[in-house]
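I have a structure I would like to understand better, so I am pasting it below and will then ask my questions one at a time.
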Amino acid sequence: MATTIPAPTTLGASIRRDFPILQQENERGQRLSFLDSAASSQKPQVVIDAVSSYYAEENANIHRGVYTLSERATARYEEARQEVASFINAASPKECIFTRNTTEAINLVAQSWGRANVRNGDLIVITEMDHHSNIVPWQLLAEAVGAEIAAVGISDDGRLDLESLNRLLAREPKVVAFPHVSNALGTVNPAAEIIRRAKQAGATVLVDSAQGTPHLPVDVRALGADFLAFSGHKVLAPMGSGVLWGRLDLLQAMPPFLGGGGMIRKVEIGRSTWADVPARFEAGTPAVGDAVGLGAALRYLTRLDMAAVSAHEEALTRYALERLAELPGVTVFGPPAGEDHAGVISFTVEEIHPHDVASVLNGENVAVRAGHHCCQPLMARLGVVATTRASFSVYSDRDDVDRLAEAIMKAQRIFAA
Amino acid sequence: MATTIPAPTTLGASIRRDFPILQQENERGQRLSFLDSAASSQKPQVVIDAVSSYYAEENANIHRGVYTLSERATARYEEARQEVASFINAASPKECIFTRNTTEAINLVAQSWGRANVRNGDLIVITEMDHHSNIVPWQLLAEAVGAEIAAVGISDDGRLDLESLNRLLAREPKVVAFPHVSNALGTVNPAAEIIRRAKQAGATVLVDSAQGTPHLPVDVRALGADFLAFSGHKVLAPMGSGVLWGRLDLLQAMPPFLGGGGMIRKVEIGRSTWADVPARFEAGTPAVGDAVGLGAALRYLTRLDMAAVSAHEEALTRYALERLAELPGVTVFGPPAGEDHAGVISFTVEEIHPHDVASVLNGENVAVRAGHHCCQPLMARLGVVATTRASFSVYSDRDDVDRLAEAIMKAQRIFAA
Amino acid sequence: MSEQLYRENILDHSRHPRNKGEIDDPTATYQDTNPLCGDEVRMDVRIEGDAVAEIKFSGRGCAISQASASMLTEMVAGQSLEQVKAISREDILDELGVPISPARMKCAMLGLKVLKSAIYGVPQDDDTL
Amino acid sequence: MSEQLYRENILDHSRHPRNKGEIDDPTATYQDTNPLCGDEVRMDVRIEGDAVAEIKFSGRGCAISQASASMLTEMVAGQSLEQVKAISREDILDELGVPISPARMKCAMLGLKVLKSAIYGVPQDDDTL
């Protein structure tokens, strides 16, 4: 395998031309270093084209249409579902539900599975490093049913504290939901191990893989979780595409989430019965174009090979952590370079507010994010209001890292002046 | 105004070339007559291009990004919201929430407003002609809180029975939700009058305008409703775009629907507070590309002029009803030709099942829908299992109608043989 | 396309369904609907020994579903239960002899699904006929 | 761009904020945060007659928010309440003298929003300053 894939360090530069947006320069002729891929990745031309061709050649509402266009649109939609299933090694495409994004996927589980299974006094376990999208849905559930929420703690270098996990598991939580990879720190959590322990304790386990799926090969069967959610728009696909994977037996036992066309078996004014999975959870006209784009994106990533993607990003992260370590006044959060640090780097620069850092970087056409990264509890734990964050995708390269380091030095010069 | 717009009867043919998919021919060289626009409309090139350009030039996650691309993406997204507000004459863009589709919009109201306001024993009024998407969300709410559902009856020619409405209003329902235009019959309901009566009876009123917005000029302030929902994909925009409009004071008092990134003010592990409207109802990364496409679609429709669109479709419907009336054995449902019959025509052909009719029509490259049209209670009321439905949009023309009539005759020849 | 779909044999079976009706005291019976189109098919079977002694179908729906059910009753008359269980989707498609598009597949297979459900005594899944 | 944004006056005010601190017994006071970036600004005002007799601000956050608040305290010292109420977004942008991009606008306006909220006695809305 290793011989047929591009060498990890060249993955970035060699495929940059596939991404039209990366060809932009700023008014000073500087190339774009897009280092906000953890928020949303850029899209290769094949994905953009897949969506346009869908609308120019095959568009129609799906299901129940007996004419050719509708049959073709239905086929494209279900092919995309199959592509999703292969990408994460699901046992069946039926286990893959299209959602708008990770957020909707987690809300689906919290509202449908949650309201049917979580009771007054039950414990819901999340973590201190969760994204708001894996916190708030559980809060809404907890409030509705009277459950309690507790968070697994983290160590100072941003790793989950497995002792803290064990203490919470001893209380036999109903749900354990945790991030595959931290979007703020890049920490790759030991997902299989956490799942194993949580299931042993009798919990139902959801993996928020919004940052896992873009960076790592994901195999839901090997992981052994009950639910896994990710966002298409973070894996080179259009915004508006996301996935909830769930174990078939769990999904089949779940009541509907949203009600409407497509998710019913029979409707009378007074009562209705529900369609099978996955239709039961896809009420209304789905975002077929976005799903088709997701299929194309996953095919593109499969061609690159997710093992190569992951190696590329790990090498780049290692390089970036080295470069930033050379800069006095720069503090990097999260684990040291290594297998458990994916391509997300959060840092602060002494005496310069993270937003000011990001603004100076933007002046150099280096796009990074500054803020709480939808992780306010984590920021509180780290004792910062915000950080600046650089994050990588398949198209990121060493030049981007060099330009990041230089722009940080420029910020330091400006603010030291 | 009337002088600057294309004559109604030429709207269809003169803009067909704007829609790439309509240029398709089948293997026998027959042009595509796409008569399933009520399910989902086709998209003009300007909309397809708006989406591609967004991804090729401006894509980034919105809000909170301080770099240029993110600011541009945010601007495009908010411009689209402004475009929506102008299109339906909302008092403020803040009243316009992006959803995936009508279905999600109605579920949002039923879950957020509904759970906060509808109590055990309350009455929810819908109609016998509602789409499942305006039935099932209310059933889910009714079941959760113990409310009752009743439906306004219809006359044999498919109009709402206003006497039946009055009887139900006398019971002081908490909610009245009804379709602006019936997707199965084309009936244009007297929305302003229904809203006036319902509000007088103290109800909160939701208009399911999934079929109103594509066919009629919509002015939410003139209508006087509390909520109005429509689907972008039925107004020439990409799938994955939809809108909930709500009165600002109502929206501001509503609890969240989905929880996650972007809809919060402050998050702690134990509790959170919510962002202002509309952000509160847009959890997670929104479908920015689809919203941008919706903005482009509404600009295109505004240029055509919705009054002209509506006149065009009314004229075409009148013509189609005349043509179908000439065909022995064809029964048309819904009101006779006139202002209250929008561009949707449901019919059955004696001795031929609606699906067989649709299959024969497909052989002639005439795309129509057959089935219950997500209106099982209406089908039950009409005493049919299914109908065949032809529906129009801005690009439909008399040739499409002629080809429809000829194809029906062909079906009759085949089945009479 | 439409000419191909509605060949004489399909039209003939849908106009003049064979073995249409009900059996008073059937050994096995099952009824199902195709929720998407509303097609209904019921199959009543009288089994003697290990074979289909009598079969009748009833229902309503499109020409494809009704013709396919009618043809199926002719195919299985007198066959052993093992033979009936072995009937595949392809066998039905061969018998229909016309191209069935994906959207009409459920119509074409409804009869087989109902018959197998009757014979196995448990509802059969569309995907695994 | 970055050089333009971080001109000397901005850097100077953010490094050496004017009127930084709190007033013990303020006539009006208000504090708010910019939820998106976490910038915090508090304004304490002592009003005598109809004019600002003393003003102090405190808080933390980015250079733009803190410099803008600092400049604002200089702008309003000794002014009448009517004059303070009349200060517009444009006045702030003029005073900053650098191009503020949409994403940083909330930072630039936080001080003004807080001051007006203090003086009106009700929270002011970002959009209608």
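When the chains are written out, they are named A, B, C and D in that same order, and each has its own residue count from 1.
The working rule: a residue touches a chain if its C-beta (ideal position, glycine included) is under 8 Å from a C-beta of that chain, and two chains touch if they have at least 3 such contacts.
As the structure is a computational prediction, the values presented were derived from the model and not from experiment.
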Between A-C and A-D, which chain pair is linked by more C-beta pairs in contact?
-> A-D
At the largest C-alpha centroid distance from chain B we find chain D
Centre-to-centre distance between chain D and chain C (centres being mean Cα positions), rounded to whole Å = 78
Distance between chain centroids, defined by C-alpha means - chain A, chain C (Å) | 47
Just give me the whole-number Å value for how far the CA centre of chain A lies from that of chain D.
-> 38
Mean-CA-position distance for chain B and chain A (Å) | 32
Which residues of chain D are in contact with two or more other chains?
-> 36-37, 101, 104
Of all the residues in chain A, which ones touch at least 2 other chains?
-> 26, 64-66, 68, 70, 266, 355, 359, 361-362, 370-371
Enumerate the contact residues on chain D facing chain B in the complex.
-> 35-37, 101-104
In the complex with chain A, residue positions of chain B that touch it = 20-21, 24, 26, 32, 34, 36, 39-40, 42-43, 45, 47-48, 51-52, 55-61, 64-70, 100-104, 106-107, 110, 126, 128, 131-133, 135-137, 139-140, 149-151, 231, 233, 238-240, 242, 256, 258-264, 266-272, 283-290, 355, 358-359, 361-362, 366-371, 374, 376-377, 380
Along chain C, where are the residues that touch chain B in the complex?
-> 1-6, 11, 36-38, 60-64, 101, 104, 107
Interface with chain C, chain A side, in the complex: residues 63-66, 68, 70-71, 74-75, 265-266, 275
Chain B residues within the chain C interface of the complex = 26, 352-356, 359-364, 370-372, 385-386, 410-411, 414-415, 417
